[in-house]
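Lettered A, B, C and D in written order, each chain numbered from 1.
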Amino acid sequence: MGDSLYRELIMDHSKHPRNKGTLDPHDYSYQDVNPLCGDEIRIDVRVQDDVVSDIKFSGRGCAISQAAASMLTEMVLGQPVAEVKTLAKEDLLEELGVPIGPARMKCALLGLKVLKAGLYGVAPADDSL
Amino acid sequence: MATPLLSPAPLQVDAIRADFPILNQANERGQRLVYLDSAASSQKPAVVIDAQANYYRHDNANIHRGVYALSERATTEYETARKRVAAFINAPDPDTCIFVRNTTEAINLVAYSWGRQHIQAGDLLVVTLLDHHSNLVPWQVLAETQGAELAYARVTAGGRLDEDHLGRLLDREPKLVAMPHVSNALGTIVDVARWTRRAQAAGATVLIDGAQSAPHLPVDVAAIGCDFFALSGHKLLAPMGSGVLWGKRDRLDAMPPFLTGGGMIRRVTVDGTTWAELPAKFEAGTPAVGEAIGLGVAVDYLTELGMDRVRSHERDLTDYALDRLQRLPGIQLYGPDDLDERAGVISFAVGEVHPHDVASILAEENVAVRAGHHCCQPLMRELDLVATTRASFSVYNDETDVDRLASAIERVIEVFA
Amino acid sequence: MATPLLSPAPLQVDAIRADFPILNQANERGQRLVYLDSAASSQKPAVVIDAQANYYRHDNANIHRGVYALSERATTEYETARKRVAAFINAPDPDTCIFVRNTTEAINLVAYSWGRQHIQAGDLLVVTLLDHHSNLVPWQVLAETQGAELAYARVTAGGRLDEDHLGRLLDREPKLVAMPHVSNALGTIVDVARWTRRAQAAGATVLIDGAQSAPHLPVDVAAIGCDFFALSGHKLLAPMGSGVLWGKRDRLDAMPPFLTGGGMIRRVTVDGTTWAELPAKFEAGTPAVGEAIGLGVAVDYLTELGMDRVRSHERDLTDYALDRLQRLPGIQLYGPDDLDERAGVISFAVGEVHPHDVASILAEENVAVRAGHHCCQPLMRELDLVATTRASFSVYNDETDVDRLASAIERVIEVFA
Amino acid sequence: MGDSLYRELIMDHSKHPRNKGTLDPHDYSYQDVNPLCGDEIRIDVRVQDDVVSDIKFSGRGCAISQAAASMLTEMVLGQPVAEVKTLAKEDLLEELGVPIGPARMKCALLGLKVLKAGLYGVAPADDSL
């Protein structure tokens, strides 16, 4: 089962999410749902000196969406906002380390979509991600 | 309804499975495909696939009005398919079987054509919380367009229609009652003959959504007595793009057309148009002839198996599956307990694991099930669920499939332990 | 429009014909089938028939939301077909290509959804007497429902649009102009890019019926500039039950859905429903997935031949046929003389012989043509005809087919001498 | 071409229709069209002593419809009305002597349909013919 979607890293993030919670006050906050699955993600961000100084996510949904959001927060914490804004979906998918089929792609990318929408202040179209 | 004393002879599932080319697939680990998503769409036997392909290889032409051999053959085969479908649902007159794309189009046809003619401001329409979006949203739209009221008959926690509530709604003399014959989310079988009688006694026109019954139970529209009955070919071993609206002749005759254009006219002038007779009146444009022919072959395949045997087989399999699954730790099963009120659909939850994760892990074990709201969001909300995982059976499933399902669920439990 | 100096390389018709299994048929007298009824429905190459059959053998499942391999494959193939179709008509965005059953449904979709939203009492709608019933009757119904006026642009005796008349109708600032790209009855090619500009300048929304152009001419919806474009797969080497409505994104986005139900919703509650994004918003219910996949393969087959070459081939063949047929005694040919304004459709009469008799005798010679009003009754009346016999060409026809047609007509003349 | 629809007998009736015309006065008269092809047939009948004493048809359309109507008039002239009323479509098709495909069946039977409708005083449904 080496190629299972549910390999250890993802299950670890799913069972022990990093940076889970909310930030109040925050500089950016956004939330969205994946209407097909009902996954919900909210991400709060604090910025200091143009760097992501703190980040928390909350929500509920499938293991993939929650684990991916958890991994995403680890990836961007401490990174310059300008770089986070250009984070490609491929970067996150690589971090996930398992092939994501088309049906679960929206789950895996929901957190990234929410984060970018927050930083840009608008909801990007699905495929502009 | 008691179980008949003499069950019909069991289906020979191994032989049936051999008729379905797609079921030969195995994954990289050599696990054969266990297809448990027939409520979403069934697989097709080779006879159906071949009938459609052979039509295009030998007989394809636009039907009606062509005088050459291909067109005559295409027309004859198309109308033969209509007769086969009529026999399958015991429709007294083949011309009252309208070929459509799917159940959704059939219901929209009635909502637009019959609905806008008959429903007025203040009228009451009744649907049920067991209904699929395709038997809900068209009536929402109709109610809004016409200024009518739409009421939803409630369901019990066990997934049955709330008889008292529906009874009270009927007391309000609705103009329309639409309900499913079988719930795609819970498998609930509705006693549609009884409810049709009661609804019609209250003055209602009755539409039965047969998308989930036609593939799994003997259907007799004459005995049900409803005014309209809708089904999808693709859930019934037939190609996609094939479906049927059946209606009582006087209803259909009195309705204006829905789609207009070629093939459904008697005479077109710049001042106006008169319509063709049934069934042409409701089949505007070039129909999906090859698909309809495939549907005719599919219903004959099922008739040959015998719908009584199909029902009995799926009932036994559901019995086995409910028994097998409820022994798994943390599993939650939804839907009616009484097997006589339940078709071969099992919605379930595995502890707190999200249904999409359940379905994904099952997919890794080559067990195909569906996860989600099953196009029944109002029902999900009523039962306080976000989504379920659903396994659904057809003629090509047997106990070995249930065993594979059970062990795949065991892996879910393991991964999420 | 002058003929290009360098014609594209000719089609290899013998090789193409070998791709179409149905064309191998011969009658009892050993005459191979000459199929000259492609304007009614085209034949299908083996790659299309096989793509559809293989879909059912290997990949069939309901699309969207299924997480197992079959459903993922079905979804991917379905969306790939959409991209292929978009490329074929140069639609900038695949999501603006809506899969429907046929041209008729595409036009009805616009008439119901856009039409009932935008057309008010007193508005003017313009169609042409060249139009097929499928691009006439939906607008008649809309005009009647909304209390609008429907005007018919006239045609000249030579079968061209009456430019003055259409110009005068545009001066009256119609809300909608609907016209065919190519007339199925006469083969007339309409300069739809120019008329679209003029109609839009007059404030109209423009729908082009591309049922007869998409199979035979290079089509570029962006260059035409129309708001909506409709086509049928079954006339375009693809399976029946496949068709496309293309629309400009802002139009489609602003329109309410047409058919409602599963698959086209964002959220359903008992109080109301919100809609999914394009293209799902207009694809309620389970679509004809296998048929759409077949359509994708068909447009790729045509693209590989090259639509410029297809056009050039059919132009040359029409040239040959007009020349050959007009030498026959008592024959009358209809439609434009200028080959640049004419696709591969030849409507004709043989003296006073009834067109059905002509077509029947041709059928006895295994030459398949159509006789009748071709779903163009108003045009027939305008030209003072009851019916015509019509031969129409596709990529698998060549001069030997025309010769067979000519000798079969000679037999008609003999029998009725 | 022995099995052609357009064998000599039919062509003979088509080119030289028997009993063509109208009757005025008449005891029965009826006309109908085949909307698919545009064929039109009218049949006028005179009855004496319960026997078809005179019959004429008029109309226009394809050779099959006109020849079949012509042959039909010959078949029923001088026959008792009661028998004509029970004339089966098979009787007429046999007289035509060539196999009629489904597409042309309505042409071949239009005259019979009109005649029966006239005698019964109503239009019979297509398949009650």
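Note that a contact is a pair of C-beta atoms (placed from the backbone, for glycine too) under 8 Å apart; a residue touches a chain by one contact, two chains touch by 3 or more.
Computed from a predicted model, the values in this text were never measured in an experiment.
> Counting one step per pair of touching chains, how far is chain D from chain A at the shortest?
Counted as steps through touching chains, the separation is 2.
> Quick check for the class: compute each chain's Cα centroid; which one is farthest from the centroid of chain C?
Max centre-to-centre separation from chain C belongs to A.
> So what's the Cα centroid distance for chain B and chain C, whole Å?
32
> Suppose each chain is reduced to the average of its Cα coordinates; what separation in Å results between chain A and chain B?
Using C-alpha averages as centres, the distance is 39 Å.
> Would you mind pulling out the distance in Å between where the CA atoms of chain B average out and where those of chain D do?
From the centre of chain B to the centre of chain D is 47 Å.
> By the touch rule stated above, which residues of chain A touch at least two different other chains?
36, 104
> Could you list the positions in chain B whose residues touch two or more of the other chains?
Counting only residues that touch two or more other chains, chain B contributes 65-67, 69, 71, 267, 356, 360, 372.
> What residues on chain C touch chain D, complex-wise?
Within the complex, chain C contacts chain D at residues 353-354, 356-357, 360-361, 364, 372-373, 386-387, 415-416.
> Note which residues of chain A are touching chain B in the complex, please.
1, 4-6, 11, 36-38, 61-64, 104, 107
> What residues on chain C touch chain B, complex-wise?
Touch list, chain C to chain B: 21-22, 25, 27, 33, 35, 37, 40-41, 43-44, 48-50, 52-53, 56-62, 65-71, 101-105, 107-108, 112, 129, 132-138, 140-141, 144, 152, 232, 234, 239-242, 259-263, 265, 267-270, 272-273, 284-291, 356, 359-360, 362-363, 366-372, 375, 377-378, 381.
> Over in the complex, which chain B residues touch chain D? Could you list them?
Touch residues, chain B against chain D: 64-67, 69, 71-72, 75-76, 266-267, 276.
> With touch defined as at the start, can you tell me which chain A residues reach chain C in the complex?
Within the complex, chain A touches chain C at residues 35-36, 101-104.
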